[in-house]
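In order of appearance the chains are A, B, C and D, and numbering begins at 1 in each one.
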Amino acid sequence: MSELIQINPQGVTGKKYWRSLDAMEQNPEFTRWVEREFQENASEMLESGSRRNLLKLMAASFGLAGATACRRPVEPILPHAKGVETLIHGKPVHYATAVTTGGAATGLIVQCHDGRPTKVEGNPRHPYSLGATNAHAQATVLGLYDPDRAKQVHKGTSRTTWDEFYGWAMKAFSPEQAGDGSGIRVLAERSSSPSLEAVRGEFAKKFPGAQWVEYDSVSFDNARAGAEMAFGQALEAHYQFDKADVVVALDADFLGLDAVSVLPVKQFSKKRRVDTPESGMNRLYAAEANFTLTGAMADHRVRVRASEVGALAMALAKELNVSGGELKVLGNPGGKSEKFVSAVAKDLLAQRGRSVVVAGPRQPAAVHALVALINQALGNTGETVVYTRPVVSNPSDSLARVKQLADDLKSGKVKTVVVLGGNPVYTLPADLGFGEALTKAESVVALTADENETWQAAGWRLPEAHVFEAWGDGRALNGLASVQQPLIAPLYEGKSALEVAAALARGERVSGHDVVKSYWTSQWGGEAAKRWQKALYDGFVEGTEFPVAPAAAQAPAVLAKVQEGLKAAADGWEVVFYASASAWDGRYANNAWMQEAPDPMTKLVWDNAALISPASATELGVQDGDYLTIKVNGREVKAPAMVQPGHADKSVSLSLGYGRTACGRVCKDVGHSVEPLRTVAGFQIAAGADVKKGSGSYQLVTTQEHHSMENRPIVLEAALAEYREHPDHFKHMVHSPPRVSMYQGFDYSQGYQWGMAIDLTSCIGCNACVVACQSENNIPVVGKDQVRRGREMHWIRMDRYYTGSEEDPQVVTQPMACQQCENAPCESVCPVAATVHSAEGLNDMAYNRCVGTRYCANNCPYKVRRFNFLEYHKGIEESTKMVFNPDVTVRMRGVMEKCNYCVQRIQEKKIEAKAQGRRTLADGEVKSACEQACPAEAIAFGNINDPESRVSKLKKQQRDYELLEELNTRPRTTYLAKLRNPNPELA
Amino acid sequence: MELNPPLVTGGMTYADVTEKVAAITEQAPPKQWYVALGISMLLAGVLFASLGYLVTTGIGVWGNNSPVGWGWDITNFVWWIGIGHAGTLISAILFLFRQRWRTSINRAAEAMTLFAVACAGIYPLFHTGRPWRAAYWLFPMPNEALNMWQNFRSPLMWDVFAVSTYATVSALFWYVGLIPDLATLRDRAKTRIRQVIFGVMSFGWRGGARQWRHYELAYLLLAGLSTPLVLSVHSIVSFDFATSVIPGWHTTIFPPYFVAGAIFSGFAMVVTLMVTARYVYNLQNLITIKHLENMCKVMLATGMMVGFAYGTEFFIAWYSANPYERYAFVNRAFGPYWWAYWSMILCNVISPQFFWFKRFRTSIPVMFVLSIFINIGMWFERFVIIATSLHRDFLPSSWGYFSPTIIDISTFVGTMGLFMTLFLLFLRFLPAIAISEVKGVLHQQINEQKGVAH
Amino acid sequence: MATLDRILDRLPLPGFLKPAVTGAHYGVIGDFDTPEDLLRAIRTARTAGYTKLEAYTPFPIHGIDEALGEGRSPLGKIVIVCGLTGLTLAVLLQWWTGAVDYPLVIAGKPLFAFEPSVPIMFELSVLLSAFGAVLGMLALNKLPQYYHPAFNFTKWAGATNDRFLLAIEATDPKFDAAEAVAFLDAAGSRHSELVEA
Amino acid sequence: MSAIFSKKFDTNLRVIAGVVVVTLGLVGGVLGYLLHPNQLDTGYTPVQPVGFSHKLHAGNLGMDCRYCHTSVENAAFAAVPPTETCMNCHAQVKEKSPKLQLVRESYATGAPIQWVKVHRLPDYAYFNHQAHVTAGVSCVSCHGRIDQMVEVKQVSPLSMAWCLDCHRNPDAHLRPVEFVTKLDWKPEGDAAELGRQLREAKNINPPVNCSGCHR
């Protein structure tokens, strides 16, 4: 990231950029589309054009076979009438901004091409990103161009304007009409925005009787409630995995779906990395029901039902002698866990102050309190676990407040409801009957991102601006504030929650920019202007972190409360709800990249499923795809079963976010809604379920159908101890004849020679690289049916294998992209020389030369080549085309494509360096998209001729191996064998 | 047992031979011909519709996927090319070996070659994602604008040369053989239009002794050229697979194995067609049981070779101790495509064993049914080699499965329609039996009989 | 037109355009029952001193060349030259395009090598040889030649069916129409006649 | 039986065939020549909405190319200037000229002038002005003597073969960077030798790999 250019802080700048865009795009059709878009209804949008499908134009002109220029199309150049400073056509610029999920902000850098955001990266200087991102952040940019977004203000189903709305609102929210506001309720998504908090204060002052409720569909309240139980105040726990040698995850997916996972992954993998056989390595224990990424990384994993985790924690606490006294152990958390608990306890005790015990957000508050006690007893508090005050308000009781809101609605106390963001009608506990309750209010105002269930239930339907379109701010989990600056003026009529809230609170329309800027300048006083610029440039506001809160628990008193709060697990089936790795709580359901990103564990695409253990499947007599009928307290859903090896028995894991009823084109009829099962009491874990085989079955589609390595040396794996004893262990795992070539080979000793090393010890298999690659390289989405036929297009795929028994397997993951073989089998078979080697060791793929015999793909032993079987870009909206990276050709049907180490980035940096008079690129200057996104820093890319480059150093490790080396393909991508650090006691 | 049964029976004269063969082209064809042509043309129409849909929509209309980049397309290509081989074999190799029994079947067999190669040629062209580019990029034409050339190291490039050479040489060979017979038709022609058409087509052939001298040498040379050519074509087709790294493909046995398989399937197709034509046109005296029996012997021999190759593959996979190779072959027999494998074994290895018995070798219904079995089996052989090798190769993560779509089926059935259309038109309008060659055989036979009589 | 004919005559186009016969008559053609009769007649005619003889038969007949005194056909040489041309072309094509004009590193293999070039070398040799054989045959036989006086023979149709014709051409120094008719009749011809040119 | 074809048939056939072959050969040759990128793609001179004369501005007045094409050293695109750039001078010079009506309108309304693109590469070819200009490849190497053109005309075929010619032998097209926009610059002494020195000094290795231009 060589330069961060801040956006012109005038609110209208974005608009100007946007206006300039069509000129830059030189696309009259596009201009027409924009104009029409602002005039007419969205139904008109179903036009399919693929004008910018560059290669398609080639096809169209084929008839003229080279004579195209006889009738050369007149192509206009439309320069600006007035120049725009800072904008150089064709030169991407980068802006720092932030995105808030679950109330916590993460810093991002967004790349813009000619005024349109095209690629999201992490902000290297933001402590919760450190340059990396997760898959969802990568996909945010596609959400911006989602053609099914809520676009225009509606009253009921008829089109209206913001003026109309504000005209009504200024009256309805005037003291004359609303009085003290006791009839007003605001329901907003969890926010850590200081500006919004200030606006909320103004609103409360204006309407003391009104209530403002914040909620989370995927709730983290339990953790904070647990802290409240332990320390008397709701605190946010921060686990410093980079200081912990032993980590115990109790139903905690801190590497996966537990909120913002980038930082924990960064920290964890730092302790996991093995540079020499002597390096230390942390040890991870996991106890969980569903198989998560955290469980996959674990050195020891024990499968227990979610409701049994409390008992296990209690057993652990007892073993650790937390209370110093007698502890009541609940039930039997499973046969295997006894040995597990004692081994874990021993390990923890040996690493006092250098260990972490972490409970998942799904676990009840008592478990979190118990875990806080354990950490305290181990001396971890203050070392590896610190507490701060939470960044969200009402941190521990949002569900109760939502319930209160629903009750108020039902009792008719509420006249006006304002929903700011989210989709409460779909995500709130079903027993609240929120959609039904809303009808009791006189006026319902909903500001939503898409025309979702909540939008449909509202009277005033307001389009919410995308995070890249609006000013805002937010705090990272540790309190560090970021200003969220827009990268483009709203494409449609969207406004942010902050703008609407401010208008309602102040009784006048205000721009988001003014609200945010005036809040922060008021905080700074003197050097406000300079600090504002710096905050925008840095992507965060220096010095806003919260101080560490003192946290000390009175063990016996807390234990008493814990024992009171913990119940023994009930027998019978239980249901666990988890956020989907793709759709999350449904907010990414219309994001095609996320739908097509396979679930990291099940590899399921375009669906959710009811995950059950193999034994449970046998018991129920079901196979993958057979319907299950799941009943909880009289509520029932039907969902297709999927066998998840390593899942706890008698437990069903259901992912949220599917089966939406009011939804865009992407998520139409995708998956099964499990939301009807969620209740206030069983919002995350529902016990006492009745699970039966249902009638019929359903087609589930995965990107990987075979899950065993068939004893082949694909992912090489060993225990750390083994590696220490025999550092050359992996060199002997594959026996192949001497790799002698008939040919002399080519000299690759000069200049840049690109190579990649992927550390399988670090890789957590999270998909960030997959989506980053999709975004960078204009990779099409093909849809469920095409994936079923085996035609997914991902250039990098995340292979996942199970090893060991079906009941208790271990998992290894392996990112698999083009290996850039020096002796590439694909090259010699191409009849038209469309794929040949470059002087820098790249396996070039010239799409415009390819005729599509698919021979190269057949002959690729790694099967990483992707063929455009159909026109996969056909029918995508003009607006969605704006997401394309202009530096990468959009491939037409009939051509082969594959990873090329982001050659466009290599070229860009090489040209830049040369223009600056530099002879060589520095290591790390060129980052492939996958490398840049990877939170585990498992991927290293660079010049292997430079002995000091990161990739060269990794390749020098003894763990380094070439996949299928016996074929003598001499791949440039090599893997570093996977190490685990098992506890000898449990081995 | 007669040592050397006559190849032309029924005491036919030269004029009888002319009359018998030429009359077919001069009289109105039987009703069945029209029915058959109607059906064939309909199917050929299905082919063109399928190809049109394919070109306008993409390869995705077929079942091909990743990892099975080639499915029915290349299977059908190899199958059709293989079928073609019998024609060349009969006309060239048997000619060189002075096998006189070839004469009554070589013309139709050569025509079959041409039409089979035409059907085969459709696939390499249309299996590409962008056939409009493949059409001219695959031939080395000077290209100043791009400065790009083909990759002559690619087996597909070799295919381009092999198949186009094969098609050209076969057409030349076939047409050279036709010239004297076209002259016969010209001289028999009753209408001006037939006179002109056959007159033009026969180039003014007179059958002068000097013409025959050059002609015979040309024919001999073409036969001599076609013999290594026909062996090379299927060898080169097999290189598509043999030079790759995929287990199940990467096999040195492929060239002879493919050639044997090609002859096997080609003879089966000749039997299928000749038995039918013989029945419809009453050609029992020209295509005798002796001809058919000889073909059954060839099928038995080549079937055994193919069976031996199947066994060798398994042995080598085991002997190589290469786990990927071993798996590939175990997977063929016991994996998801076990049914294809065992269909292949049943049709190709078991069914020709009946030909050990003269009773079956000389039974028209038995050989007809078995020839169809062999054609099916040989199709499965190619499918097994292509699809089962591809669907599970090195990394289990990329394993997949191939299922054909309706367009796969319609394209394949369509090529049969095209083949039958061309073949029926050939039967109707051109001498289906080499008149002059049969007369040569008859002359020799007459002399031999005289010799016996003396 | 005559000048054109002369020019075209001199063009090195094999077998082109030279009128088969000049003069009013082509010669006398006799019509025989069997190849053996024909062979006998040829031998008699040669003994009788006729030199410009041509036989027309529906299929090639062994021994007729010797009987007519014809030597070896030069076709083999033509084919060898064509085949070698094909071979050379193939080598040059693959070497020049791969190693000279745009050398591209493909799969780490040499820019030009003998082994992968064999298939195309072979195929091009065969292709050009086959063209050589067919076009050479046509050229040597002066085909296509749509008009030939022999077609004027009243019983010509038999020549491509079951009759065996022998022509004594008018260019024969010993030629005399009446004598030739008588000679052929005597040699066993069923019908002999003087044929127009 | 009488002959089917007349005596003249063979001669006529050959004459006709000869004529056809010669004609086809001629047509093929002519087409091949005309369709060659050197003929087909060069000479394109579209009519521009404003009669801007490069000869006047860049030639007679001696304005540097980069006065208008500002981004040529910094970006892949050389950028056609905004109307504003025209108005820098034409607010004072020829401010009433009817020829500049469109320019003034554009400036007043903000509507862009619809220039017609002259040099057009296929979308899959990623040409980068910055890379060439900073390496010392002059504008003239591709665009010709723009300073002598009243109307801009494409003088190079911009075909792949043409690109490769220079990428393989760049020496003749290299000059010190300061003279890049001096279209009439001639090296003192041996041009090839100077080019070689520049290439070595600046480590210029133009790519001839696919990915050099196609991504």
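One rule holds for everything that comes next: a residue touches a chain if its C-beta (ideal position, glycine included) is under 8 Å from a C-beta of that chain, and two chains touch if they have at least 3 such contacts.
Here the structure is a predicted model, which means the values were calculated and not measured.
Chemist: Give me the chains shared as neighbours by subunit A and subunit D.
Modeler: B, C
Chemist: Check B-C against B-D and say which one is joined by more contacting C-beta pairs.
Modeler: Most C-beta pairs in contact, of the two: B-C.
Chemist: Distance-wise, how many Å sit between the C-alpha centres of subunit B and subunit C, to the nearest whole number?
Modeler: Chain centres of subunit B and subunit C, defined by C-alpha means, are spaced 31 Å apart.
Chemist: Which whole number of Å gives the spacing of the CA centres of subunit B and subunit D?
Modeler: 53
Chemist: Averaged over CA atoms, how far is the centre of subunit A from the centre of subunit C? Could you give it in whole Å?
Modeler: The separation of the two C-alpha centroids amounts to 80 Å.
Chemist: Measure off the straight-line distance from the CA centroid of subunit A to the CA centroid of subunit B, and report it in whole Å.
Modeler: 57
Chemist: Tell me, which residues of subunit C touch at least two other chains?
Modeler: If we look for residues of subunit C contacting two or more partner chains, we find 102, 104, 106-107, 109, 144-148, 151, 156-157.
Chemist: Mind pulling the residue numbers of subunit D that touch at least two other chains?
Modeler: 1, 4-5, 10, 164 - these are the residues of subunit D that touch more than one other chain.
Chemist: Quick one: which residues in subunit A touch 2 or more of the other chains?
Modeler: Where subunit A meets two or more other chains at a single residue, that happens at 66, 825, 827-828, 830, 833, 836-839, 849.
Chemist: What topology does the chain touch graph have (line, ring, star, complete, other)?
Modeler: complete
Chemist: In the complex, go through subunit A and note every residue touching subunit B.
Modeler: On the subunit A side, the touching residues are 59, 62, 65-66, 704-712, 714, 786, 789-792, 797, 799-801, 814, 816, 825, 827-833, 836, 849-855, 857-859, 861-863, 865-871, 892-896, 964, 967, 969.
Chemist: In their shared complex, at which residues does subunit C touch subunit A?
Modeler: So the residues of subunit C in touch with subunit A come to 104-110, 113.
Chemist: Using the touch rule from the top, collect the residues of subunit B that touch subunit A in their complex.
Modeler: Interface residues on the subunit B side: 57-61, 63-70, 127-134, 136-138, 145, 148-151, 153-157, 160, 240, 243-246, 323-324, 327, 390, 392-401.
Chemist: Where on subunit D is subunit B touching in the complex?
Modeler: Residues of subunit D touching subunit B: 1, 4-5, 10, 36-38, 157, 159-161, 164.
Chemist: Using the touch definition from the top, list the residues of subunit C that touch subunit D in their complex.
Modeler: So the residues of subunit C in touch with subunit D come to 1, 4-5, 8, 13, 16-17, 19, 102, 144-149, 151-157.
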